[in-house]
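What follows is a pair of complexes built around chain A, which joins chain B in one and chain C in the other.
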Partner chain A sequence: MDRVKIFKLILWIVTGLGLSAAIARFAFGLGVTTNLSDTTPWGFWIGFDVVSGVALAAGGFVITATVYIMRKEEFHPIVKPAVLTAFLGYIAVIVGLLFDLGLPWNIWHPVVQWQHHSALFEVAWCVMLYTTVLALEFSPVPLEETSRYAKIRSFLMRYRLVFVILGIMLSTLHQSSLGSLFLIMPFKLHPLWYTPILPIMFFISAIALGLMMVTFESLFTSWLYRRKAETPLLAKLGKAAVWVIAIYALVRFIDLGARGALGYIFAGSFESIMFIVEASMVIIIPLILLSIPRTRHSLKGLWAASLLVVLGIVFNRINVAGLMMTSATGSHYVPSLSEILISASVVSAAVLAFLFAVEHFKVWERKPIDPEAKVEKLPEFDRASNTWLGRPEVAARIKYSLAFVLAVAVGLMFWPFDRLESRGIQDTPVVKARGGEKLIINGNRNFDLVLFKHKMHEDTLGGKESCVKCHHMNIPGDKESGCWQCHADMNKYTDAFRHDWHASPSGGNLGCVKCHEPDQPKMALTASECNECHKDLIPPGAAIKVEDYTAPGYVDAMHGSCVECHKEKAAALDKPKLPQCTTCHDQEVSDSINQAIAAKHEGRKSPWVTMPEIEEN
Partner chain B sequence: MKAILTDITKCIGCFKCVKACKETYDLPGDYPRRWTQNDGLSALNWTSIVIKPDDHFIRKQCRHCIEPACVSVCPVGALKKTKEGPVIYDNDKCMGCRYCMMACPYGIPRYDWDQRIPYIRKCIMCYDRIKNGQQPACTAACPEEATIFGERDELIAIARQRILDNPGKYYQDKIWGEHEVGGTCVLYLSDIDLSFLSYDRKLDNEPLPHTTEAAMKAVPPVFAGMGAAMIGLHWVIGRRMKREQENKPKGGSE
Partner chain C sequence: MQPLMDFVAGPLFRLTFAIMLLGLLRIVVLTVWGVIQARRQTDDKVMPWKLITENTLGWLVPVLRLWKTRPIYSVVSFVFHIGLILVPIFLIGHIQLIRESIGIGWPVLSDNLADILTIVTMVTAVALFLGRLFSKEARFISRPQDYVWPVLLAIPFATGYVCNNMAIGAGVYQWTMLFHMLSAELIFVFIPFTKIAHCVLVPFSQMVSTLGWKFPPRSGEGVAETLGKKEMPV
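And now, the complex of A and B:
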C-alpha cells in the first residue's frame, strides 16, 4: 500500500480513538478521565496542546515576516504551507482547549468580560484575533483565481501586507504572553525555568521553533509524497535558526547567571537532569548540527536538527507549564491515556486537514499526486464483503470511515469504566508488606526513614481486621496513618521526662531501640529504665526505691519515692495518717492537682505542677 | 477590611469550625478522592484542620490575600476581591480554565473534578453573613476563641499584644499573613513553623500580581512598536531593493 494511505489510515484510527476518549471526557467529567488534581490543575493538555501548540504554529509569522517584510522572495514556496500549518495549529489549540476547560461553552467569556490584568485574557484575545488573521491570510489559496470568489481573493491579496503585519504584531504578543502566564508562579516553578524575562525567552524560542517546524514539515511531507525536498532553502532556514538559537542560548545562560541559578544545573536533581536534556535538545546538538555546512545541507542533518528543536522546545513548554512545578507542589502527575489520546487525535485531525488542503488546493507549486485520484484505476473490489466499493477515491473514503468508526467503538469498549467508581483512595490499596514483614517508612512524614515491622503491628493490633486502624483513616491522599497518630505519647512532654531531648542524641528515629526493646511496641511501658543509662542517678544508699523506674511523670515519681516509704513507716510506727494525701498536701494544692488531672484527661498538655514545700512533721 | 485571626496555641482540634462551614453551605459528606490533597481541603471542604505532631491543629482555609493572585489572573473576572475583605467567586462568569488554582501560592482553590459542570470552590469568608453584620460561621462556632473575626487592624493589634504578653511562646514572634504576598486577611499565630501552608517555604512580601504587571504593561508599547518596526523595515528594505535594481545594469534578475 502507498505510504500516504497507511499514514492517513493511522491518523483516522487515532482520531477515532481520541473521539471515544472525548465522549468519555464530556460524559463523565474531568476527574475520572484525566489525571489532573488539585495540585496539578494544568496538565498535558495545557502544556502540549495549548502552550506548545501555539509555539509549534509560530512558523506562520516567522516565514511571512521573512518573505513580506524582509522581502526574501526565495522563500515564497514555503509561505503557503507555513501559513496553513499555523492556521490549523491555532484551530487545534482552540479545539484542544475546549477539552481542557471545565465549562467550554463559556469560552467566549473573555470577549465580553474584560480583565486587562490577566495574561490569559490577553492570550485569549490574541489567539482569537490571530486565528482570524491567519484565516484571511490563507483564504486566497482555496479561493482560486478562476473561481467565482475571485473578487474576494483579489481584495484579500491587496491587503495581504496589512494582515501579515497584524499577524506579526499579534504573534509577538501572545507568543511572549504565554510565558507571562507563568510569571505569577515564582513559588512553584523551578529557578532553572522561572525568570522575570520568561516572555522574552518564549518569544525567541518560538522563532527558532517556527523555523525548525517549517523545516520539519517540509521534510516530512516530501518524504510522505515522495517529492523532492527544498533542501537549499531549508539549509538557509537552518542557518537563520543557528543565529536565533545562539541568541536564545546566550539570553538563557546570561539570565541564569544573573539570577545565580547556574548552580542548579549541576545539582544532580530531577530538574537539573531535565534541564541538561532540554538544553542539549534545543541548544547544543542543533547548534553543532546546523553550524556545519555539510550536515546543514544534508537531509539527515536537517531531519535530526529540526526534530530535536521541535521536540526540545515542546519539552521546554511542558517543563514550564507544570512538569517543573511538581517538586514544589509535591504532586505526582502522569497524563492519563484519555489525555494523551485526545491530544493525539487533535493533532491527527489537524494533520488530516493539512493533507486534505495540500491535495486539493495549490498550497505547493505543484499539487502532490493523490494516490486515490488516479483516474485510470479500476473500481475497487472488496473481497471480504464481496462488493464493489466504487471508484478508488470512494473506496478510500469508505475504508477511512470504517477505520474511524471502528476506532471510536473500540476506544469506547476499552475505556476504563472502573475509573468511574474511583471512590475513596483507589490508588493506594492495602497490600501485604512488600519484601517481607519489614518496611522502611517515612513514618512521621519528616523523611527520617525508619524500619517498620508491619507484621508485628498487624499481629499486636488484632490480625487481619486491624488494617483500618492504620490504613484508610479518611485522611485524603494519605496512604496510612503516621506513627504519631497512634503513638500519641511519642515526642510528648511529660513532667519529668522530655522525649525529644533524649531522642535526638540517640540518633533520631534510628535511636528508638536504644531505650525501647527492638521487638516491642515503642511506648513508656517498654522503655528501659532511666538508671540503665543514668548510672549515677541514684546515689548508693539512697532511700528512694527504683525497682520499677520506667520514666514516670514528676507527680508519680514523687509519689513513688515518698509514699512507699510513708506506707512502711505508717505500719512500723502505727501512724495510719502518714501515707494520706493531707500529710504532705494542704487543701489549696488539691485544686492544682485536680486541674492537672483534668487537663490530662482532656488530652491537652498538663501544666507544670509546683509542689508545695513539705512541712516537717 | 475584615479578617480572621487563628491562634494555633489555642486550638484544641474539635473540628466545630469545619462542621459549621459544611452546615452553612450545605456541603455533602466528603471522602478522599484521587485528586484531593493531603490537607483535607476539597470542593466539599472549604476549611479543614491539619493535624501536626504534638497536638498542633492548624486550620486551613482561603487566606483572602489583600492583593490576590487568583483575582489578578482570572481572565473572565469570576473571582473578585470585595472591599469587605473576602475573595468571592461567581459561577456564571467562570469558564473553567483553572488558572486561579495554578496561581494561588497557598494552593487553596479546589475543583469539582467529579462534576460534569465543575466550578471552583473555596472559602468565601461567609460573604453574605459579613454583609449582614454577622461573623463567619467558623469563627462563630469556635468554643475556644482560637479563631476570631474582626477588623484586620484590630486583629493585628490583638496578635501583637499576645506576642508581647507571652514572650517566647510564638514562633519567631511572627504574625503569619501580616506581610507575606502583600498581606492576607486570614492571620495566624503559632508556636510552630507554619511555612508548610504555602508551596514555597519562603514567600516574598511582594504581592504576586506585581510579577505579571510589568509584562502586562509592556503589551501596548510592544504591540505598537512591533507594528511600527515591521512597517519601517518593510519600507526600508523595499527602498533598498529598488535602488539596487536601479543601480544594476540592464538585464538583472527581473
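And now, the complex of A and C:
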C-alpha cells in the first residue's frame, strides 16, 4: 500500500474510535465521559477544537489577503488549499463545539437571541458568517468539475473580491474576540497569560499560525502525495512569518514587562515551565530557524519551524482556555480518553475531507495520481475473503470501510455502558442503629445523628401491636428486622433479595424451578413471589406496602417512613412542628451524645493493640 | 463465573452486535455503490425494473418457484427461516433484556409458539444439513461455510430451549446460558462477511444479476483472461 492509503486507513480507524466515543458522550452526557467539572468547564474541547481550530484556520484569510489585496500573485498556487483548510477547519470547529455544548440542539440560539454585550455572541455570528463566506470562496473549485454550473461559478468568481474583504473583516473581528472571551477572568487566568490586550495577542499569533499552518499543510501533502515541495514559495512565507513572530514577541514581552509579570517566568512553578516551553516553541526556535536564509530554504528547517509554531500556538490556546486557570481554581484537569479521541476523530474526518477534495477537484494545478492505478495492473486478491477486490479505488474502499466498522465496534466495547448512572455515587454501607429504648441512628457515622425514641414510639402508637407500622418486612423467622438489613446503603438502591445466595450450597441450594416456572424464561417476571415460601416475610397490617424487593437507600427510607407518618400525626394532633427537620435532627442532642461517646472512649486502651508510649515535650 | 457472564453479556455483546449492524450497513453501501458504478459503465441503460421487482418478491417465497422441481427443499428452507427470524427478535426473554437496558420494547411471541418455532427451526436446520450432505449435486457446489451455518445457527436455539424449558441446576443453567450467548455472538460476527449477508442483500441480488447481462457479450472471458484464470470455474 502506498503511504497515502496507509495514512487514510489510520484516519478512518481514528474516526471510527472517535465515533464510538461520541455515541457514549451523547448517550450518557458530559459528566461521565469527560473530566470536565464545574471548576474546569472549559477543557480540551474548547482549547483545542474551538479556540485553536479557529486559529489554525487563519491561513485562509492571511493568504487571500496576500494574493487578492496585496496583489502578490506568486502565492496564487497556495490560495485554494489555504481556503479549503480554513473551510474544513471552521466546519470542524462547529462540529467540535457540538460535543462541548451541554444542550447541543440549542446551538442556533445566537441567531435569534441577541445578546450584544457578549463576546461569545460576536464570535458565534462571525463564525457563522465566515463559514458561509468560505463556502462561497471555495465552491468555484468543485463547481469547475462540470459545465452545468458555469453560470453560478462565473457569478462567484466575479464577486470573489467581496468575499475576500468580508473574510478578512470577519476574521479580524472574531480571531481577536476569542481572546476577549478570557478578559472577564483576570483572577482566574495566570498573569503570564492574562493581559488586557489578549485580543491583540490572539490576532497577531493567529496571523503567524496561519502562515505556518499553510506551510505545514503544503509540506505534509507534498510528502504524502510524493509531489515536489513548493520550497521557494514557502521560504517567502517563512520570511513574512519572521516579522509577524517578531512583532508578537515584542508585544508579548513588553506587555509582560509593563504589567510587572516578567518575574513569574523564573518563578520555577508549573506555569513558568509551561511559559518557557511555549515561548521557545512559538518564538525563540522558529525565529532562529526562519531568520537564517539557509535553514529557511531547506526542507528540514521549514518542517521544524512550521511544526513548532503550529504546536506552540495550539499549546498557547489550550493554556489560555483553561490549563493555566487550574492553579487559581485549585482544580486538577487532564482530558479524558474520550475527549482526546473525539477531538482526534474530528480532525481526522476533516483531513479525510481535505484529501478527498484534493483528489477529486482541482485544488492544485494537477490532481494527484494514484501510483497503483495503472491500467495493466491486476485487481487485488484478498486471501482473507478469497475474493478479487477489484480496481485499486474499490479495494481501498473495501479496506477503509472495514477498518472503520471494526474501529467503531471495538470502541463501543470499551466504553463502560453498564451502571453508568450510579457512577460518582460512592458506596456507603449503613451502620446499624445502636441503643435500646432510645436508638442512635447514624448510618454513615458522620456525627450528625438522630436520637430515635423507640420505646416512646412503641408506647404512643399502641404497644406490641404497633410494631408492623414500621417493621413492614422482616427476615424469615424474625419479627423485627432492623432497617439496615435491607436498606443497606446510605444513598443507593440495594437488592433485598439475594439471588445467588439462594442458589448457593450455603444458602437454600435451590434449583431454578423452585422459584421460576419450569417452561418459562428465567426472569423476575416469571418468578414466584418471595412470600409464597416465606409466609412471615411481610407481616399482616404492615403500613408500608412492598412493591418489589429493591430497597431504597437508607436516607430515603428513613425520611419516607418517618416524615410521612409525622405529617399525618401533625394534622391529626394539631402539632405543626412534628414534620419539620429539627424535630429529629436536633443539633444539641446530636452534639451532646457525640461528646458523651467521646468521653466514654477517652483514656480507654484496647486490650488487643499495644500503642507505643509517646513522650510529650 | 459471574464476571465472565457479565463480560460476555456486556462488552463482548456490544462488540459483536456492532460488528453485525455496521458490517451489514457497510455491505449494503458497498453493494449499492458498486451497482451504481457498474450501471454507469454499461452501454444499455434500460433496466427491466418490473421483472426485477417480480423476481425479488417471488423468490421471497421460494415454495412457489420450486414446487415442481424441489418441493421438499423449498418447504423446509422456507419453514426454517420463519423461526430463525421470529424467535430471536420476538422472544419474551430477549425483549425483557432490551427493555431493562434501553427502555424500549415491542410485542412478543407467546411462549408456547416460541417453543414450537424453536423446535421446528432446529429440526429443519438438521434436515438442511443432512440434505446437503447426502445430495451429490448439492455437495458438488458446497463450500465449507454451507455445512457449518445450519449447525451453528441451531446451537443458540438448542441451548436457549434447554435454558427455557428444562429443570436444570443453577450451575448447568449458567454454563448453558454462556454457551448460548457465545454461539450467538459468533454468529453476529460472521453474518456480514459470509452468505448470511443475504439478509440485507436480498433486495439487490436480482438487480446485480440483471446488471451482469448489460455488459457486452463475452466480456467475462476478457476478465478471466486478464486474471489469468482462463477456462477455470469461477
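As a convention for this text, the second predicted complex is superposed on the first by the 408 of 617 C-alpha atoms of A that agree within 3 Å, B and C clash if a C-alpha of one lies under 4 Å from a C-alpha of the other, contacts with A are read in each partner's own complex, and residues count from 1 in each chain.
The working rule: a contact is a pair of C-beta atoms (placed from the backbone, for glycine too) under 8 Å apart; a residue touches a chain by one contact, two chains touch by 3 or more.
All of these numbers come straight from a predicted model, not from anything done at the bench.
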Touching A:P191 in the superposition: chain B (first), chain C (second), both, neither? neither
After lining up the shared chain so the two structures overlap, which partner does A:P142 touch, if you call chain B first and chain C second: first, second, both or neither? neither
Decide which partner touches more residues of chain A, taking chain B and chain C as the two options. B
Identify the partner contact of A:S401: answer first if only chain B is touched, second if only chain C is, both if each is, neither if none is. second
Which partner chains sit in contact with A:P518 here, chain B, chain C, both or neither? Use first/second/both/neither. second
Let me test your reading of the model: by the given contact rule, A:F26 touches which partner, first (chain B), second (chain C), both or neither? first
List of chain B residues in touch with chain A within their complex: 12, 31-42, 51, 53-55, 69, 72-77, 93-99, 101-103, 105, 107, 110-119, 198-200, 203-204, 208-209, 211-216, 219, 222-223, 226-227, 230-231, 233-234, 237-238, 241
For chain A, which residues are in contact with chain C within the complex? 378-379, 385, 388, 394, 397-398, 401-402, 404-406, 408-410, 412-414, 417-418, 500, 503, 510-513, 518-523, 525
Chain B contact footprint on chain A (complex, rising order): 26-32, 35-39, 41-42, 65, 68-71, 100-104, 106-107, 109-110, 113-122, 124, 161, 165-166, 168-170, 172-173, 176-177, 180-181, 183-188, 196, 199, 328-329, 422-427, 444, 474-478, 482, 484-485, 490-492, 602-605
The chain C residues in contact with chain A across the complex are 2, 6, 10-12, 14-16, 18-19, 22-23, 25-26, 29-30, 33-34, 91-93, 96, 111, 115, 163-170, 173, 193, 226-228
